[in-house]
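Two complexes come next, and they have one chain in common, chain A, joined by chain B in the first and chain C in the second.
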Partner chain A sequence: MTEPVIEPDIMRMSWGPQHPMSGQTRILLDIDGEKVHRIIADLGFTHRGIEKILENRTFLQGIIPMERMVMADTPNIGLGYVMATEEAMGIEVPERANWIRSMICEMARINSHLYAFGLQAESTGYFPAVFLWTTVDRTIILRLFEELTGARWSLNFFMPGGVHKDLPKGFEDKVIEGVEYLRRRFEQYWVAMVENATFELRCDHVGVLKPEDAIRLGATGPVLRGSGIPIDVRKDEPYAAYGDLDFEVITESACDSMARTKVRYREIGQSLDIMEQVANEVPSGPIRTNVPLFARAKAAEVLSRVETARGEMGVHLFTDGGMNPYRVKIHSPTLRNMYVFERLAELDEILVADIPVLINSIDPWYLDSDR
Partner chain B sequence: MNIVLTLWKFIIEFLTVNAKPLLQIIVLPGLLWVIVYAIIAVWFERKFLARAMLRVGPYYCGGRFGWLQLIADFIKLFFKEMIIPRDVNTFFFLLMPVLLPSVPALAVILIPFASDWVLWNVGSLGMPMFFAIAGIAPLIPVFAGWASNNKYTFIGAWRVAYMYISAEIPMVLCAASVAIMVGSFDLVVIARAQENMWFFIPQFIGFVIFFLGVMIQSERTPFDMPGAETELVLGWRTEYSGVLYGFVMFTEYVALQAWALMFLTLYLGGFNGPVLFGATTASHIFWLVIKFVLLVTLVILLRVIFPRLRMDQMLKLGWQYLTPLAILNLVITLALKLWGVY
Partner chain C sequence: MSEADFIKAIKANHPDLVVSAEVLRSKRVSAVVKREGFIEVAKTLRDDLGFKFPVSGGAIDFPKEEKMQMMYYLMNPESKFMLIYKVDLPRDDLKLPSLTQVWEAMSFHEREAHEMFGIEFEGHDNMIPLLLSPDWRGGHPLRKDFKGEGSEE
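Presenting the complex of A and B:
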């Protein structure tokens, strides 16, 4: 990255990668005392060439590197690629498989939002109580994943034509048990964190992103919905079984960091509802259409859209009739939200202490933005 | 032979004559108490916080309750490599951590642990001396942060300066109100005056302000901005490693001790309490230590409930709320003194 020139009387501070809160990325802050004049995100700092790797894998093998993009949210990311392949190959997915896909995607969304929620508490200097609680509560989801797929994080469970395995016996009851437990816990989170007066002081009116700015800068996911714009691919262009499921698109009108946190909090409630619905009403039938191991796709150009935990992800897939994709272009949600984050210093007055709150309010996953 | 005998006699005589001051220097407000307290406090904080958050805390080291954990940590810190970055001002960088704990420790020895147990009894200079010594404290982090030659430490150092000043002025005003009420700066006299009624009742505004001040001066959450981990790595402490880091962390607890003891002496009766078994001095010390442990527990517990404030919010609190309230408290005290209520 070519770094912009430093203005006179301004100090340039590195916020990461050697920083307890930054993660793997590198962000530069131009500061004057405590005030942040400019945020420069070093996009591409963690580039791993996933798009290129996918070109050298068959469609089935490609799911594995694809899921490495966002480890907290592997099913949603994997589903984007799987859906694109299915469209290119012209495969129909059985209804039961679609329902199971929806349930797993929602479980992953809860997993990811819990992580974001805990980090948001951590970023305000809340001694790691809430972060540890959310980490423990993720175990409920991870145990269900383990029982279903054998893996806890990178599931590789979706494949072109359906899902890998059917639900084990008694799995539905365990899902409902887990949902009830998580609902009880969420009431405690609301009291301990969202209603905490000091937490409100730190998050209210911080990093205000007006609806018109959110659209202009291309925000997506909870950041966009936190600015009061109800856009959700699950509703607008239903995939998997979302057309048959009953849920709401969550929006908050406050447009600040607190609103984004609340959107995540309430979205977890909706995801729990969806999990319960699927567990109660999942239709019976086959779980997979058989697809040859080294399937070839006809020459095509397809685009699939999925709503991941961080926002809308697009997979633009070009095939040339071979066993591998010719080119894959991934349009990742964190990249779009990082552009928003960079502009926040111009839109609102920001202090150094607000930076961790803001960066966690957009819930970045740097490997996702840099691919 | 004669010389050895004379020397031996002299040592025995010296020890018998100076038994009390020696005991004070080595054991109670002195070296042993400060070190043992800091070690126990760190362990207690970790274990107690863990229980308050439904965790277990240190567990394996020492068999039960992880009681050896802090000793193990201390040994580890002592033998770790001490990294001195290339571009630091080495003299100040090395000097400051050594000076750090000595300033609050100097303040501790002014506190009366019993009516006749004061290590450094300066009489009517007690309170001004305490605030004079405490006033030096913020200079050391500022120097340390500047000497470290790092952007995080530099911002952290200036946060220390802003924060301590905004807290110290209301605290001095509140302490002055107490002194006006009693009519003396002598800490023993102030503590004795609370035999019938602890001063947190007539001086309630001062009590609240001083408590917040204790939290601010000892950098406890929600006022731990100078070392805000998520913003400035470790603030002005960032560059210290190994045994220097040990010193720096140790200071935090000594500072908490100095301010907490002052707070107890001014508002919560100091060493006053029922005399047990007819031993006045022992029971005075006992009650002060009991009150101190309870206060430290409360301060630690607050860490579970509060996120950190922002720097501007903290300064607003100090200058817009605490200082005017402290002045109001002072005016009320003066008026009541004038009308002869106190």
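Presenting the complex of A and C:
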């Protein structure tokens, strides 16, 4: 990249690209003593050309590269692509499959939010053990994934028309058991971490993003809801079984790093409720409609939207009657939030020591922004 | 405002500049505008029709029709529907005024469209590669005629 001129008395610090917190990216900070004047996000270190790869894969094969966008949250990402494919081909999904999809998506959201929460605790510099606690708690979810799909991270469980397999016998009881355990842990984390005075000192009033700025700069997901704006695709445009499930959109009004962390944290509670509802009430019936392995889609243009753990992801799919997509445009939530992160130095006073807290409150996943 | 009302409103506001506007399905509308009125219509969208919330941007290549299409995705935070705001560009004249003067958050998306498709955005103040490496000389990867030769000079 061409380096802009640096003013005198300002030092440029490079943060990364060797794994500055989570993933590979470089962040350039123009600093004057402790104060950050300007943040520049230098993305692209993990660009793999997923949009181009998808043009050369059949619709079924495309799910696999697509899910590599966010490893902690593969079902939500995969669902965006699968839903776009279904809409282009005009495939109906059975009710049971939709309920199972919702449950898996919420499990992945818990997994991703616990990861973000552990990193946020670690980024303050005081709580190295919390990341390990959340890692252990995430294995509850990962074990359930393993039993259901055979994989712990990249599930490839959704396919056009439904899901790959039915729930194994007794799986619902294991889900309830996991939910009960995680609820107990959830309360403990709240007392130990979220209401912790040290944690509050590090996160309160850091990187304040006012609601009007959040809208103007195009923030999404917990960053947007942390600024008090209740936009959530699951409610605005219910997909899978979210229209039948009972949950609320979490918002916080403080607009700072703490608010964004709290939104993520309280969303775990909502996701646990959804998991429990599905485990108790999942309707019986078929789990998928049969779609030919090398299905063709008629010429169409569809835009599907899903709420991933990091925010809204859109998949704009163009088909031309062939076996592959003509073009896939992916709206990456991290890319949108990284723009907000770049501009935060102008909106609020930021110190170098706040940068780890601030960037983790955005919850970036650079594989997602780079595609 | 419903989708049909929006279509009526945008056509009534700019009858000469809007080429076509249609409802794709519920909560999805798309509008194609002429390049010369592209900024003017965008300002109406933001100020009068409530599309304050920029979502994303990207392009698509149609080599058979000798054109590319630049697409901006906008959302109305009240009615919660999404507009795909399109403008056609002939393939031999890929110039467009930058939409960052209306929604500054389109900056990243225009940088991406510039490196992936070679579209020139006039008035963009920071046109450096977003995702590709600075020494990339292999052309524009998302064009349909891209063969994948790599970055050797």
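Heads up, the rule we're going with is that the second predicted complex is superposed on the first by the 367 of 371 C-alpha atoms of A that agree within 3 Å, B and C clash if a C-alpha of one lies under 4 Å from a C-alpha of the other, contacts with A are read in each partner's own complex, and residues count from 1 in each chain.
Assume a residue touches a chain if its C-beta (ideal position, glycine included) is under 8 Å from a C-beta of that chain, and two chains touch if they have at least 3 such contacts.
Being a predicted model, the structure only gives us computed values, none of them experimental.
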What is the contact status of A:T124 with respect to chain B (first) and chain C (second): first, second, both, or neither? first
First, second, both or neither for A:A353, with chain B first and chain C second: first
Please indicate which partner A:E34 is in contact with in the superposed arrangement: first for chain B, second for chain C, both, or neither. first
Per the contact definition in the header, classify A:I229: touching chain B only (first), chain C only (second), both, or neither. second
Going by the contact rule set out at the top, does A:H19 touch chain B (first), chain C (second), both, or neither? first
Touching A:F186, do we find chain B (first), chain C (second), both, or neither? neither
Check the residue A:N196 against both partner chains and state whether it touches chain B (first), chain C (second), both, or neither. first
For the chain A and chain B complex, residues of the former touching the latter: 11, 13-14, 19-21, 31, 33-34, 121-129, 132-133, 196, 198-199, 201-202, 351-356
For chain B, which residues count as touching chain A in their complex? 49, 53-55, 151-152, 155, 158, 221-222, 224-225, 228-233, 303-313
Within their complex, state which residues of chain A touch chain C. 1-2, 43-44, 47, 49, 51-52, 215-218, 220, 229, 231, 236-237, 301-303, 305, 312, 314, 316, 318, 326-327, 329, 331-332, 335-336, 338-339, 370-371
Any idea which chain C residues touch chain A in the complex? 24, 27-28, 30, 52-56, 58, 60-61, 71, 73, 77, 80, 82, 84, 103-105, 107-109, 128-134, 141-142, 146
